[in-house]
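Two complexes are shown next, each including subunit A; its partner changes from subunit B in the first to subunit C in the second.
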Partner chain A sequence: MLTLDLLINGLVIGVFYALMAIGLSLIFGILKVVNFAHGEFYMVGAYAYTLSALSLGISPWLSLPFALLVGLLLGLVVERLLMRPLYSGYTSWGVMRDEYAVIVTFALSIFLINIVDKVVGPYAYKGPALINISRITIGPVAISGHRLVAALLAVAIIVVVALIIRYTFWGRQIQAVSQNRLGASLAGIDTAKASAIVFSLAGGLAAVSGALLANIFNPTPDVGVFPAIKSYVIVVLGGMGSVPGSIIASIILGVLESFGGVYISYQYRDTFGLFILVLFLLFRPQGLFGEKAREV
Partner chain B sequence: MPTRRVSLLAIAAGMFALTSTAFAADPIKVGVTIAQSPPGSVSQGTQVKDGAEVAAKIINDAGGVNGRKIQLIFEDTQGVPEKARAAVEKLITRDQVVAIIGEHQSSAALAGIEVAHRYHVPYINTNGWSDVIREKGYAEVFNPGVFNSRVAIAVADTMKSLGAKNVLAFCENTDYGVGLAKLIGSQIAERTQGISYKYETLDRASKDYLPAILPLKANPPDVIVEILLPPGAYILLNQLNEQGVAPTAKTMIYDASGIADYPDFWQNVGDSAVNMLVFGLYHPKMALPELGKKVAADYTAKTKADPNRLLFQAADSLFLVAEAIKAANNSTKPDDMIKALEAIKWSGTRGEITFSKEKSGFKYHQWLDVPYVTFQVTKVKQPVADMNLVQDPGKPLDLSRIVKTK
Partner chain C sequence: MASAHPINRKLQTEFAASLVLLAFVGVLPAFVTNAYWQGVVVVSMYFAMLAVAWNILAGYTGQFSLAPAAFGMIGAYTTGLLSYYYGLTAIVGVPAAIVVAGVIGLVLGRIVLRLRGPYLALTTLSFAEIMRLVISNSIDFTRGDLGLNVPGIFDSRLAYYYMMLAVLLAIQVGLFYLLRSRAGLYLRAIRDDEIAAASRGVLIVYWKTFAFTLSAAICGLAGALYGHFAQFVSPELGLLSQTGVVISMVVIGGLGTMVGPIGGALLVYVLSEFLRDFGNYQLVVFAFLVIIFARFFREGLWGLLLAAFGRPGRPAAAATAAE
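Moving on, here comes the complex of A and B:
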């Protein structure tokens, strides 16, 4: 029975990892940069959900889309103000400097943590539950009502995002820009707009992930640091820029940590992902679904 | 010429007198290292800050230390050792403080005392529980707060009184957490018989403790001892409750970290903490000396909040610095202050404080008789004053007062 418990916990955690990592993967796919402030989008979403529900007294079911909206807007603003210099015309793409993205996103991360710390305060806030059932028992498995609902919602959001990217007009444009920015631009695709959509979407996904977990992981200003590190590992394991790869890597990591925490060592649970990362970098550096090289 | 020489001498003498007067009126600078931002415990840092400020106001309102006011200089350590080291370095070299107080996290204290020791500046460790802090044997370090060995003895005695056979501790991966978990094991082995004990280390930064909790569902222990600071402690309590592991009729929770008086406690735990036993260094029903009552009243007037243990520990830390300077005939020289602190016998906010001179082990410069109590949370959103006091200071645990989960 423990096996079933661990499997379900691993799947649930994996789904939350996926929700977080997809945004990071999309950003890398289209901009070829790592957003070091991704965890802080998660944190902002967690606070937007928790504080809007607790302070304004609105239903958690309304706070959830509010957190999503805050994340979408934050992503959009960050893209327009900070990321746009990276690709203000495809001719500048070739001279884009990774240093700029690293410094800007790192600075943004520190800024957001400190601004929340000073404005909201350093104390932890447990987010309200989406449903007030402290424990649902299905056979030998016990899970809180909120955790179950949050996991189901996360799955639904992932499916919707995957469908949008695969079948919609803008989704296909994002795919095109991800495959070849210059080619997409020559084909008439507004690459700047595609980048803005991706950054905004990534912000929204991270924020809604934080909101869904606010009841479980009691947000503090630095709550996003740890999930962000997991997301970086997942994005590399899945293949840089690959959304399906990120989803599968998230599930694998969630389940591995759950079982490894019991059967290997709980103390070293957080090193499992890093260990696999090292193995991948040595033997399959392109990750699960990544390309070996890009040639134009 | 003689007239001119006399005039010059008179001016020089006047200037010397003025300088001396100014020197006498200079404030006494005391450095306070606390966590004011994550990942350190900002809840604790804020309580220590308030305690030091209340004590400083009491001293200054009474005319200061022989006419010299106390000036507090705060530095944020974030609970991180390297930042604590830098903070102490800055306070000593740039701010020229006469002593350091305030540290409330063991890992940060262990880093800070190295710098204080190097510069030979008195360091009053307000709340670093790790025994290693005293075991270093540094003459500059004094400990008016509780210490892991005392907590471990309290936990072992409580487990014995409860009749527990199977005890599991969850500790955070810090010097404090792992150190206390190990000491509880030694004290249980030394002071009790037939109790099986083990501990599991949890990462403070990680938030998913279920892989450590799920195996307990098949074979739950009699007592789970929680040795984490918030927010990890809150998350652990919630996840234990979510899985139905504790609190239950079979399994009690014992909080060895004293988290129930934190300002964000009820915002984060809900019914997960009901019937939890708490190791406490302060409870409103404890008898306090006059100074303790004064500090408690001033704190409530300042913050509109109920007093807490760290308030008293921080206040005592600053009062001790002031008392040491007075006892050293107003000298702020490190050797004079250290000598005065070693000889001190002073009634603080929690009782009469003296420091052990036994040089071996954790007892060195430690106040050994720090009072403690055990109380029990019996309702959601319960103020500390209404929590059930099940062990008075210096008395054994009163089992008849304990409420069991049904």
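Moving on, here comes the complex of A and C:
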């Protein structure tokens, strides 16, 4: 039954990876940059959830939307203050706009990690569980209540987001801008607004991901570093900018790590994904599903 | 011959400014006799070497690598392992570190040739993390996070001080002549427009790989010297936050200038030691400064200085950004 356990475990982890990677993928789609502060959106969400529940004594079910709100706001502020020059022409970086984005988001990541370290402290807090059942047995598989509820919530959020992007007016604007920014703006789409929505949404999703996992990976200032690296692997694997691609890639990575950690090497578990990332960037930069990079 | 060309004049000014800065560092021990603060300057010179090396790639060739600290770690471990297993001294260890880091840099540079912007950043970031995780998990070979004790070279701190200064000066002089030569023009041409450069006959593959190898070799040298100074190496040398420190030094000092990395490294590291007494806020402050500089003053402190005191109407920022 080890195999089934590993499979379920991998699927659950994969769902959380997806929650985070979707935002990163959307950002890449719309701005063609990688947000190196993505893990810190996750970290801020984990803290917002944990600290609001612990210090205000409110129910975790209220802390969860609070974390979402904090993430949405943080994403919005970062987009307005730092990402705008990427498309409004204020930056003096000329042809080096990608490099501007790398530096600014990388510095933002270090800034957020260290300011949280100073303000909240370096110690781990235990995130409260959404449901206090330590063990739920379904057929041959046992899983903790919190993990099950959190995974189901994550699936629900992913479905909602995917539907929003596919069918709503805003979602279609986002799709249009990521296919062709100039074309979209010629068709009357407010590309600045679309970018703001995407960044905000990405911040919210990463924050919720951090909140849902706060019970399993207790928040510390650098808790977001590893999830962020996983989501880089995922967006490359799934094809930069493709939402369905990143969902599938998340599941694949979750399951691969779950099995690889047992059957190949636990010590080097965290390097598998990085190797996959390098190999893909070198030999198949369009990702698993062959979505060709679109010219802008 | 072409010394009157504005590009060379810009280089000469920056080079002269960096020599003034290094001369200042040279006479500093006459006033700063405290061994602790001399050590602080030694470490800041280690960072200055990494910053200069990163600037060759990012500032002059347009390749944004996130691996300078990883190459420093590779250099430090090369000499560390050689002395741990074979009892070899720095005379063998330091050249070996340059070669090992250079060869790994050559291979990585050759591999990432086609990648730009976010793709290059992601690949070098993964490389850096893989290297660090491998070193910290190969406990049988490297003692993992416990680190390795490395023998020192000198007994006196001042000897380390002037050794680091001499090496930094040598790197800086070599870089000046490199950038003044045709090779320097090729590198900057690649940074500004790779396709245009190729169409004028610049060997893109050769020069990009060259820049990557050179940068990695300098990082390896810096790491090895640091290892012998600290008499200890650990995987923490390769942390991404260390790369963040290097980048912040270059961006605050002035990206793509000869004096920026050195000025930035000295300023940032020495200031951060001061800030340590006020509750360890240094990384918060510097990350914030990097964001502000990158957002508003791309040319860093050097650009601000030029704008304040330099020729009016031709600020450095406009010269580079105007393409």
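As a convention for this text, the second predicted complex is superposed on the first by the 276 of 296 C-alpha atoms of A that agree within 3 Å, B and C clash if a C-alpha of one lies under 4 Å from a C-alpha of the other, contacts with A are read in each partner's own complex, and residues count from 1 in each chain.
In the analysis below, contacts are C-beta pairs under 8 Å (C-beta built on N, C-alpha and C of every residue); 3 or more make two chains touch, one makes a residue touch a chain.
A quick note: this is a predicted structure, and the numbers were derived from the prediction, not measured.
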Margin query: By the touch definition at the top of the document, which applies to A:Ala67: first (subunit B), second (subunit C), both, or neither?
Written below: neither
Margin query: In the overlaid three-chain picture, which partner chain does A:Ala192 touch, first (subunit B) or second (subunit C), both, or neither?
Written below: neither
Next item on the list: Go through the superposed model and pick first if A:Leu282 touches only subunit B, second if only subunit C, both, or neither.
Entry: second
Margin query: Applying the document's definition of touch, where does A:Thr271 land relative to subunit B and subunit C: first, second, both, or neither?
Written below: second
Notebook entry, point to check: Just subunit B (first), just subunit C (second), both, or neither: which does A:Asn9 touch?
Noted result: first
Next item on the list: Report for A:Asn114: first if it touches subunit B alone, second if subunit C alone, otherwise both or neither.
Entry: both
Notebook entry, point to check: Now for A:Val34: first (subunit B), second (subunit C), both, or neither, which partner does it touch?
Noted result: second
Next item on the list: Considering only touches as defined above, state whether A:Gly261 meets subunit B (first), subunit C (second), both or neither.
Entry: first
Item checked: Footprint overlap on subunit A, where subunit B in one structure and subunit C in the other make contact -> 113-114, 225, 267, 270
Check: Which bits of subunit B are touching subunit A when the two form their complex?
Finding: 36-39, 42-43, 46, 173, 200-203, 205-208, 210-212, 214-215, 217-218, 230-231, 234-235, 238-239, 241-244, 263-264, 267-271
Item checked: Complex contacts: residues of subunit C adjacent to subunit A -> 58, 62, 64, 66, 111-112, 115-119, 121-123, 125-127, 129-130, 133-134, 137, 192-193, 240-241, 244, 247-248, 251, 279-281, 283-284, 287-288, 290-291, 294-295, 298, 317, 320-323
Notebook entry, point to check: What does subunit A use to touch subunit C in their complex?
Noted result: 28, 32-34, 36, 81-82, 85, 91-96, 98-104, 106-111, 113-115, 118, 225, 229, 232-233, 236, 267-268, 270-271, 274-275, 277-278, 281-282, 285
Notebook entry, point to check: Taking the complex as given, what residues does subunit A use to touch subunit B?
Noted result: 1-2, 5-6, 9, 13, 113-114, 117, 122-126, 134-135, 137, 142-144, 147, 213, 216-218, 220-223, 225-226, 257-262, 266-267, 269-270
